[in-house]
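The same chain A turns up in both complexes below, where it pairs with chain B and then with chain C.
For the complex of A and B:
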């Protein structure tokens, strides 16, 4: 089973801003195996959410995605697909804010049943039973009663569980998660992460999880991709990236996270700001903020270089970081 | 010696629903106890973190201290003087607040300079002709370039706006700064220097900081004492290092277990806390954490535990029947 479930090559998202084209996602390539959890980490504006949404064609108005997307729904080799047609047919998505993502005029049972009815032509009664079964699967207590409730009657954690049930209703091979736990309390976030791990094992489903929180991604993901200014700067096994970052941006990001175990020494932070998409250069975009930048960093064009079988970094001077 | 700020048995009730409907049913009007009998002290130049999940009342405590919500019972005392909702300018100046979202708490139609200058003039902090210089000094204090004084909030990044929010609070030379989720909306690379700034302000200006957050790691970084709040009451109160190294309340322990940590993999289906907090309108009898507590015994349903200090350390308080003893197996 060396065939990938999803292959994204050279994805580019172009948008118009005040009449000028900008490229907030600029040449992202990644692959995903069956049943694998891939995390995409990055700060606001890094293009992580746009990358995720391009897979389903859910771009903001005026956004155009180019690049080669391949997905395998039937176990064969990955084949090109039309993003807008694959939603509900092998790929589902869950969002950050379950209150705005759930239709407030539908009872939650009907919301979950809508997918199977439309995409799989299931009868009304079957779909309703399936909805209750799914609610039980994602850990909603008393699903028969809750299925008749409206979204506003549920707590944030239950709404997120309902949204997951909605996404699972079409039996996806791949679940896209767009910061699904950011709006939740830590105790509920912990429950949802445990649920996603469990579902991955039980349903053999792959997950792409986008978040700004590296600690969350480290707990959940098998592999991790770090994005900066529309590009992947580092990708590899999550544990290795966290314990031994090879890109100065990853290292600086890790040093900015206040830790539990750490002391109250000053946190590092990263001086300056990420570049504006209108000012993206072809060289290393992190170089102006990088503590290890060399003269040729801003001239050499971006390329993700393999360090080993499963690790790659876009840094052209990884030895500078390794020396510290 | 009296503490700088003392919160004594603070209770804040919110009237919800219709009082008329309740009277027709012959019941008293429903009250939601957002803050229930909360007491703690803050010494001068101390930094106290208040942590808890959403809806636990941590922001309401902050608002009651600055006088933004009416106090239903108990008191907030500043150097032994009780503070009421209505306070004079001089008292208002002494406690200032920094809000979560600087995008919506700054006036979008004023430049940074006018925002700051207005405060300095209205409160007569400095003579009129020194106002521009003082604005510049405030910018230095929060590590922003003085050139930004002429900028409007919408032209600035989130981190810069939050610094302006801090400068605005500092403009009145407060003694106590209350930061209500002040870094929650920021990226970590921007959050880190702001947390450092809070530490520096405390160190250099001797400012007293009350830091309210849902994020334990953030609180650990900026506070020397932490107060853990659950459903409107204090569960644990103690020196930061002690609470983090040896949490005595099962709720504190669960919160710490739930927070994501580096180098730990999530186990399928496992979670530190099950369920969600009960409704504040329908609190469990006895200890309010007992419905989710792994240690709960019969006594927990019968008697609400008060805050009890450790035998060895009077600074560390826990509201749990088994806080300082092992629970019966």
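For the complex of A and C:
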């Protein structure tokens, strides 16, 4: 088995809500290979963003992450790390809202140049050239001119490109994407996805891409992890998961995505609501909403079970889904 | 992929829609002047007038402000003495003009120094948190627990009368409001993604505070500053009125009001004009401060 770039085992995020501890991320384990794009899909509140942010120690105040995180920065076997060790060295992140992700009091060129100046000791002029080069790399037209602009003078798509350039300035081996296309309109979204795919190949960079949009993820990712109520319920190659889901939640997610083919009757929502983190159970948390739920579903404890080399599902009755 | 295929000619404008020159700044410089509200222009003009009077006091004044003339005491306005003379025969007009050189700088200092201290402490408290935050904020609680004027009077008594004591007392007291304001702003900005991005870029905490947090929290404090200058000027005048401010014979508006008070029935202009001069400065500063506040809200 090839050596992984990133290994996350049994990640748990605990937070305080009105004095009571809740666990919005509850035992997430995943691995990532070099140059791979992994997608994490799930509804709001499924813990996908917290999972991503805890890799870099960016939890909201009061949040505590436990679990084993390993990262291979030098090509050797993955070694345990604390988030501050990979800040500026190996892992970068881009965010959802391009408006709040760029410092409004800095010209975008200076913002991109900041990392190289601090970490690589570049001169002001060299760092500026590097910033312009990065802006060109991420497809900002006339970068020399736009490097002198302020964030508010750029469109949403350009801001997102600038954010990507900033993230790339420290030459990461892994780029974390926290719904970077959600706030953009569809045509710009498509451009950014194309850009990320291109950068992955050019810079041999791995990506973890978090989104609630399973269609976007299917298009972009090599592998896909589906999260529900703080846990991964299914993981495997993206095309296989989309064509042949092994967990009823994945199937229900797929059925709720509008498509150009079918009629509006084909579009099905999932009845009910995701459980509150304060009411998480040890059994299958999707069972109360599941169309295929059996009597033992809520009793049997949750466990992600391998179905083949690269696929795993937490559903204890995948045969029920297969019958339909 | 090429961006230009999607947008053959990239939109060449800022978010507000006005055209930009190659530097990326608005071309129409006059539009900035036009965007400044009339209120701010009037306020700015008033403040500028005071600054000019302070700068050119020797040119404007008709007499030496501390020259005593026992013959012409408490004179009514004449061509020689535009606003008459005081109890010691000093020219009131010249004293008011020269007092600008005392009150204006002290008013500015009495607002700037507390602001400086408060912004620095508030930013540290908000950004570093933990025991730094506790020490700074508990200290501010203690300061706030005292009645402001009583504390200033006590400090001035302890340190001795004079401008430096007053400024010191203002600083000890005035930083609290700025610290609280900036601290809460820092707590807000600290959770924004661009600060997260700066942390992930591996920048030092001090650099993040200086470059990414500080410039984004300072505007609130700046808006507060003009009204604080008004407060400092008024407080200075009040203390001089009480005999705790600037010692005689230095001309000072508050002290002049106190000196003129016994003669309010006969020489009403003696106390009234310095009072109106203070009101004028307060008006100018308030207009500037209010416009700044409105500009920030937009």
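A few remarks follow.
By definition in this document, the second predicted complex is superposed on the first by the 322 of 324 C-alpha atoms of A that agree within 3 Å, B and C clash if a C-alpha of one lies under 4 Å from a C-alpha of the other, contacts with A are read in each partner's own complex, and residues count from 1 in each chain.
In the analysis below, contacts are C-beta pairs under 8 Å (C-beta built on N, C-alpha and C of every residue); 3 or more make two chains touch, one makes a residue touch a chain.
All values derive from a computational prediction rather than experimental measurement.
Once the two complexes are overlaid on the shared chain, A:187 sits against chain B and chain C alike.
Using the contact criterion defined above for the overlaid structures, shared-chain residue A:65 touches neither chain B nor chain C, since it reaches no partner.
Contact with chain C, but none with chain B, is seen for A:56 once the two complexes are overlaid on the shared chain. Looking at the shared chain after the overlay, A:114 reaches chain C, while chain B stays out of its contact range.
After overlaying the two complexes on the shared chain, residue contacts for A:87 are found with chain C alone; chain B is out of touch.
In the superposition on chain A, contact is made by A:44 with chain B only, not with chain C.
By the touch criterion stated above, A:163 is placed in contact with chain C alone, chain B being left untouched.
Touch criterion met: A:95 reaches chain C, while chain B stays clear of it.
Using the contact criterion defined above for the overlaid structures, shared-chain residue A:253 touches chain B, although it does not reach chain C.
Applying the stated touch rule to the two superposed structures, the overlap between the chain B and chain C interfaces on chain A comprises residues 155, 187, 191, 194-195, 198. Residue ranges on chain B touching chain A, taken from their complex, read 53-54, 157-158, 187-193, 195-196, 199, 214-218, 220-222, 240, 244, 254-274, 276. Of all residues in chain C, those touching chain A in their complex are 1-4, 6-7, 10-11, 14-15, 20, 22-24, 191-194, 196-204, 207, 211-212, 215-216. For chain A in complex with chain C, the residues that touch the partner chain are 56-58, 60-61, 84, 87-89, 91-93, 95-97, 100-106, 114-115, 118-119, 139-142, 145-146, 148-150, 152-153, 155, 163, 166-167, 169-170, 187, 191, 194-195, 198.
The residues of chain A lying in touch with chain B in their complex are 43-44, 155-158, 185-191, 193-195, 197-198, 200-201, 212-216, 218-220, 239, 242-243, 252-253, 255-262, 264, 266-270, 273.
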